[in-house]
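Working notes for the structure below.
Letters A, B, C, D, E, F, G and H name the chains as they come in the text, with residue numbers starting at 1 for each one.
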Amino acid sequence: MAIVYEKSKALTDAEMHYCPGCTHGIIHKLVAETLVDLDVLGKSIGVAPVGCAVFAYDYFNCDMHEAAHGRAPAVATGIKHVLPDRTVFTYQGDGDLAAIGTAEIVHAAMRGEKITTIFVNNAVYGMTGGQMAPTTLVGQKTTTAPFGRSFEHYGAPIRMAELLATIDGAAYIERVTVTTPAHIAKAKRAIKKAFQIQDEGLGFTMVEVLSTCPTNWGMTPVEALSWLNETMIPAFPLSVFRDITKKEK
Amino acid sequence: MAIVYEKSKALTDAEMHYCPGCTHGIIHKLVAETLVDLDVLGKSIGVAPVGCAVFAYDYFNCDMHEAAHGRAPAVATGIKHVLPDRTVFTYQGDGDLAAIGTAEIVHAAMRGEKITTIFVNNAVYGMTGGQMAPTTLVGQKTTTAPFGRSFEHYGAPIRMAELLATIDGAAYIERVTVTTPAHIAKAKRAIKKAFQIQDEGLGFTMVEVLSTCPTNWGMTPVEALSWLNETMIPAFPLSVFRDITKKEK
Amino acid sequence: MAYNEILISGFGGQGVMAIGLTLAEAGMSEGMNVSWLPSYGPEMRGGTANCGVVIADSEIISPIVLEPSELIAMNLPSLDKFEPHVKKGGTIFVNESIIQRKVQRGDVRAIYVPSMEIASGIGNMRVANMAMLGAFIKATQLLKYDTIIAMLTQLFTGSKAHLVGLNEEALERGAACVD
Amino acid sequence: MAYNEILISGFGGQGVMAIGLTLAEAGMSEGMNVSWLPSYGPEMRGGTANCGVVIADSEIISPIVLEPSELIAMNLPSLDKFEPHVKKGGTIFVNESIIQRKVQRGDVRAIYVPSMEIASGIGNMRVANMAMLGAFIKATQLLKYDTIIAMLTQLFTGSKAHLVGLNEEALERGAACVD
Amino acid sequence: MAGNVTFRQDRCKGCGLCVHVCPVKIIFLDETVTNRKGYHPATIVEMDRCIACANCARMCPDSIITVERL
Amino acid sequence: MAGNVTFRQDRCKGCGLCVHVCPVKIIFLDETVTNRKGYHPATIVEMDRCIACANCARMCPDSIITVERL
Amino acid sequence: MAKELWKGNEAVAEAAIRAGCRCYFGYPITPQSEIPEYMALHMADTGGVFLQSESEIAAINMVYGASGAGARVMTSSSSPGISLKQEGISYMCGAELPAVIVNVMRGGPGLGTIQPAQGDYFQATRGGGNGDYRLIVLAPATIQEVVDLMQEAFDLADQYRIPVMMLLDGMIGQMMEPVEWTHTPASDLPGKTWATTGTEGKRPPNIINSLFIDPDACNRHNQHLEEKYKKIIENEIKYSINDLVDAEILFVAYGTPSRLARAAARLLGEEGIKAGVFRPISVWPYPYDALREAASQDSVQAVVTVEMSTGQMVDDVRIGVNGVKPVSFIGQAGGVIPSPREVADAAKKALGR
Amino acid sequence: MAKELWKGNEAVAEAAIRAGCRCYFGYPITPQSEIPEYMALHMADTGGVFLQSESEIAAINMVYGASGAGARVMTSSSSPGISLKQEGISYMCGAELPAVIVNVMRGGPGLGTIQPAQGDYFQATRGGGNGDYRLIVLAPATIQEVVDLMQEAFDLADQYRIPVMMLLDGMIGQMMEPVEWTHTPASDLPGKTWATTGTEGKRPPNIINSLFIDPDACNRHNQHLEEKYKKIIENEIKYSINDLVDAEILFVAYGTPSRLARAAARLLGEEGIKAGVFRPISVWPYPYDALREAASQDSVQAVVTVEMSTGQMVDDVRIGVNGVKPVSFIGQAGGVIPSPREVADAAKKALGR
């Protein structure tokens, strides 16, 4: 009897506090599995954000540092410069990374910090109760955009992968999702590649993962998967936006 | 006897504090002339940065608001939402806009704020005495990069025009310079177009102007012009990066 | 002189906050001073929550209910946590549908309400909290039954008007648990 | 007991800070207590700047020179601004190359040094400040001439060694202005 | 190619994502059981139909599913 | 097409940008004059050679040049 | 007018709108997100501006701009978010711009907890930002008072050209109490002739600025601000006193703890110990003199400060009491609410009983 | 060892390197940019890290990360930049991480001026950030003291797991004085077993965190911090007293103004008035008891606080003196330095002469 799948050793036994069916949990697994696959768990330091993933420090079975809202890339920069041979990653939501933390992520990318950022884009501020995020879709209703995000007032959602891909220090940028087993497999490959490129010291790496927030979208977890596939992906195309290992070949 | 050129009415009689030959002064003139040409001086509110242009409030002959370092786009946003029929512009250096103020400029662009940003890129922190800027060229020596900016440590200079051009809310983004009378004429056209698009309410507009800092570059003003032309322009190509009026046609 | 300090506690989703709000609104419309103060547990989703309601005909000094005169315990952790703090001579309303144990103290009055059975009997699980409220009103005589009905009638209009009846029935059946 | 509070003031670029630093370094190497405090005017570029140097054989209390015992005025605004603050019996060194007027106070000693003429005579405009320093040393007898020479010799070596001589000459010609 | 699937039912949040992705549709939420968290946990009766694809386990956000190949 | 160029010499910073861009090379910094700011101001002697192109004025960062066409 | 049950956070927002606030900039944070959410829903009805900013820093700088442009403007946040606004607040004080800033305090330090606390007293009253400046800081204890002070906050801001902070503990933000909406007639306030609204070619340019590069000018500006602060100290101190007659204990507390102190006083009364409660309503300007006077009353044997913190306002109590009576402190931090029982015990300890 | 003439800012940087600091993150701002510039030039020699960050906020959060990873780390800035670090400082205090933060104060509020001032005393000693926390704050008055305290600052930080702030007025940053470099042997400090350096599979994960969502846990954490702060108050108070014998006037001043006060004391001495100077070196923990004791001395008739601000430390002086003697204040703000003459006059006024 062979085990086909079991919980990753890189996750602690703590029960996760995420809402039922929230795909934050799936993304955690992929990161954890990658740390095991690449055999870097013991030399990894993760940086947790402020957002629904704030308790990520309780879930990953490696050293963890809880950052202030938006500042995870700066914290990771501090860690990596002290410990250049360690594997350092940040795990950040769209409010954290694309709103308050815009400057920090842009500059970590510019400096080509050898870190990996897992960017969980769920088009909303999950933790604080469903307010508008910079990634909220035009027309999408949130508690602070009760009539739907208006283009006239707030513009269109920001596409961070595309934006960061304009920066030379970024070595690898891909956008994926986890709404189907196939997507999950692809997301896993992206995350693995990002960590590999980090360990090769080639520069900043980020995987943006489109994720659901059934609670604040007001949907069942399964409905949320469909909404993501049908409505979010067109606004946030899945693609590799930068890969300097390709150029080199 | 016809006057071919005289000091713009949109500049006060105050003597400017800029170093001899610093092209900040030329850029001031172009903005001033534009306000007169478009007949918007009386309805203009300018936002001055923290940087060598901090005293811009003494030079422009319109209402002026001095912002905290990097926050000019937020200040301008506040003003414009209160007074949507006014012409609002920010005048910012590369430290101000591309370092500490990264989040504010990105989000003003995302929201499509109907403001015009004049972005003076001189590849250095002028006011504080020549420290490295995010736009400092690789290899360029500064007081905080005494051995020259290293790509390994700091990455390559950030290209804000290109970065902001990935954002839907940006209506017009161009990079120009003022090192020759021909460049000056072109820069003037760009600035004029940006203000026009602002007044048409089409979105965020920015003109990045490559500018000299003879003092901190350690050059004569004329040498500085050549260095800019020969060394900076290749790193910061002059071009229109976004123009939504073009698409519409 | 009325100065009631009421604590309502249970799982998120059991209508704990709504019971409190209804009490506060009713108290206010009967001309009394009221306050309502929610407290959410450390868990950010699910978990236990409670609210304190003060209803008084004099000035309300503190809105914080630490030693309630009445406790409405919707689940076991709530009863465990707050039973010791109820004032001597106070009343504890126990949601006996999911609380297996009895009140242990001898110096308080205990009232047992099978709220979920009542609700499922009426055919709408969402009125379980109204059964608790009914018992409360009957036992304390603090508020008029009519005040609640009037509030319900205001709240549910149009297509929702039929809910008034359901709620009323829950109130009554809850009240019937008080002997 | 020496407790000299010296103020050196002039345009940026006149070597004001360098005079002060040289004094402080020399004082230190002669075993005295010293402090050097620069003050830049509100203009960020150009404009007037000054520095205060305290040289004492006792503990230096405050490094801030508000009432100098010696003032070295390199330009007119400096003389205008600080002449009134010089201590009674103090000394004012006037860069007479660009200061047209005389010292007005009768209770201080005034020494006039044509620093720029001296410098151009030597053939290097950058030694003008050394002429002022020479006058200062001669007049105050606070520091040894040799100390300065030794410092210069340490500073200028190799291809710059010839500057020692120029500076020395400037010091001497400045000293000659003191009668 | 049969599989064996185990759930840590006490931790199941009844989100239904495993149900959704099972290609052979054998997982269901057991409404007869309410776990300590108040949810109806996922379960399988027709285990012999399982093809051990592990879709369910890969999808489960709470990592409570283990899949073995018999 | 001759021009007349005036400088507010007291405000000139002697940066030489006008000198640099004058197509007919008639502007020079007058070393015989030191203005109140301590600079040698720009000046023109051969004014009749000026073609009133205003390059100098457009380039002057301190806006101290006025150009007229005679 | 009839009473209505209002939640503190929503009452803050509604009261601001009724006070003529037409401009809100803010960033979500628990436990005050109902304020921006209420504004998002209702500001548009008034033709006003609601904008969710990219950060608290952007929000305060938008407020800076909007206030400069002459608007009645506010922002709100909770503790860590308020920390981020400190530079902006310092700028607004320097540039003398009016605005209302609401801090619904949660437990700290750092991320702390989302439960109610009072750990930001120092930050609010001493200036968490750089330089010598003050805010007017108002600390209501009931929702009705929240509502009443909100109008006053905007008026004071405009009258003195100063930011006014509403310092609420998270409890006040979350609780509900009846509110009676009274219509306050508009105050007679100076016109905003300094605002940057465009010259229209009719006046010299207005400049909003906090830079005074010349130290003498900067010092003069600071002395000018000092004068203004003195005027505020003279005219705008607010406090309330309960049960001072024959009090042996004088509790000092602001916000919700003042209500705990009154509950403690009732418990003490049951034991025959008389206790009064001194409640600063303006915590800057602080009612030092009134407090000293109350403490000086012969019957008072000890002054006990009650806070939801590890002791911050107690500094002001010491300054006010100035040694005339012993001062002690009782409090809990991090979201824990001290019970009236332990407050009463602390008082007994202070009395040596 | 021979004395060398050092500029304050450069001495700070050199002393940090000698104290084992191997990590610097900062953002330029006048009047302290010589610190990062010196670090840029010399940190590499030691194999250490110098990184210019994109902002002060990024800098303090890099410090947060580097400190968590076990490094001896510092940042420096000046007033407005320090305002921006407040959230980060609050986090570091919450997470109990050591670091040294240098503030070379300039005039405020807002952009203010680049001239020296002391307007950030409240921010430094009361916490400009959210929540109940403290920093150790050291305020040297000479360059030699800067250098000596720098080593101590790093050691205290590590010993107590607390950020230590060096609070310098801009004057100390810019001036030059002779320095004697003495070699302090490394202190016996606890190992950083809590650092996030990677588990290597050999220990359970370490977590650096300031979040305590459960209020009881958060309160316990606050009480734990309180205990630590009490220990620091017991052990780490530093001050100096000059000329207390028979003093009629007691000046209280920190940093450069303490030297002005001594100059004023000399002027007063010439007029036959004896004046002593009490100088807190640690402004947190503040030497309240020592100050009260000094002020209680019979000869002392008045206590006069001297600051380069409109009056901030005077609050602590009042708390310390606690009414035993009258307390008054003399100061100038915005970069203006009060003259010994006016300080002496203020003293005479306080004496009623």
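Before moving on, here are some points about what is shown:
Rule of thumb we're sticking to: a contact is a pair of C-beta atoms (placed from the backbone, for glycine too) under 8 Å apart; a residue touches a chain by one contact, two chains touch by 3 or more.
Since the model is a prediction, treat every value here as computed from it, not as a measurement.
Using the contact threshold fixed earlier, the set of chains in contact with both chain B and chain E is A. When the interfaces B-G and C-G are ranked by how many C-beta pairs touch across them, B-G comes first. With chains reduced to the mean position of their C-alpha atoms, the one farthest from chain B is C. Distances between chain centres, each the mean of the C-alpha atoms, put C farthest from chain F. Our note on geometry: chain B versus chain H, Cα centroid distance of 38 Å, whole angstroms.
One inter-chain figure worth recording: chain E and chain H are separated by 59 Å, centre to centre, where each centre is the mean of the chain's CA atoms.
Centroids built from CA atoms put chain H at 55 Å from chain C.
As a whole-number value, the distance joining the C-alpha centres of chain G and chain H reads 28 Å.
Across the assembly, chain D contributes 42, 44 as residues in contact with two or more other chains. Shared interface positions of chain F, i.e. residues touching 2 or more other chains, are not present. Among all residues of chain A, those that touch two or more other chains are 18-19, 54, 66, 68, 99-100, 102-103, 106-107, 127, 134, 153-154.
Chain D makes touch with chain H in their complex at residues 21, 24-25, 28, 33-38, 42, 60-64, 66. By the touch criterion stated above, chain G contacts chain B in their complex at residues 23, 25, 49, 51, 53-55, 57-59, 61-71, 73, 87-88, 91, 95, 196-202, 205-211.
Taken together, the chain G residues at the contact with chain C in this complex read 3, 5, 113, 171, 174-178, 256, 259-260, 262-263, 266, 337, 339-341.
Across the complex, chain G meets chain H through its residues 57, 79-80, 82-84, 86-87, 90-95, 105, 107-115, 117, 119-120, 122-123, 126-133, 209-223, 225-226, 309-312, 315, 318-319, 322-324, 332-336.
Across the complex, chain B is touched by residues 99-103, 106-107, 109-112, 134, 151-156, 158-159, 162-163, 166-169, 203 of chain A.
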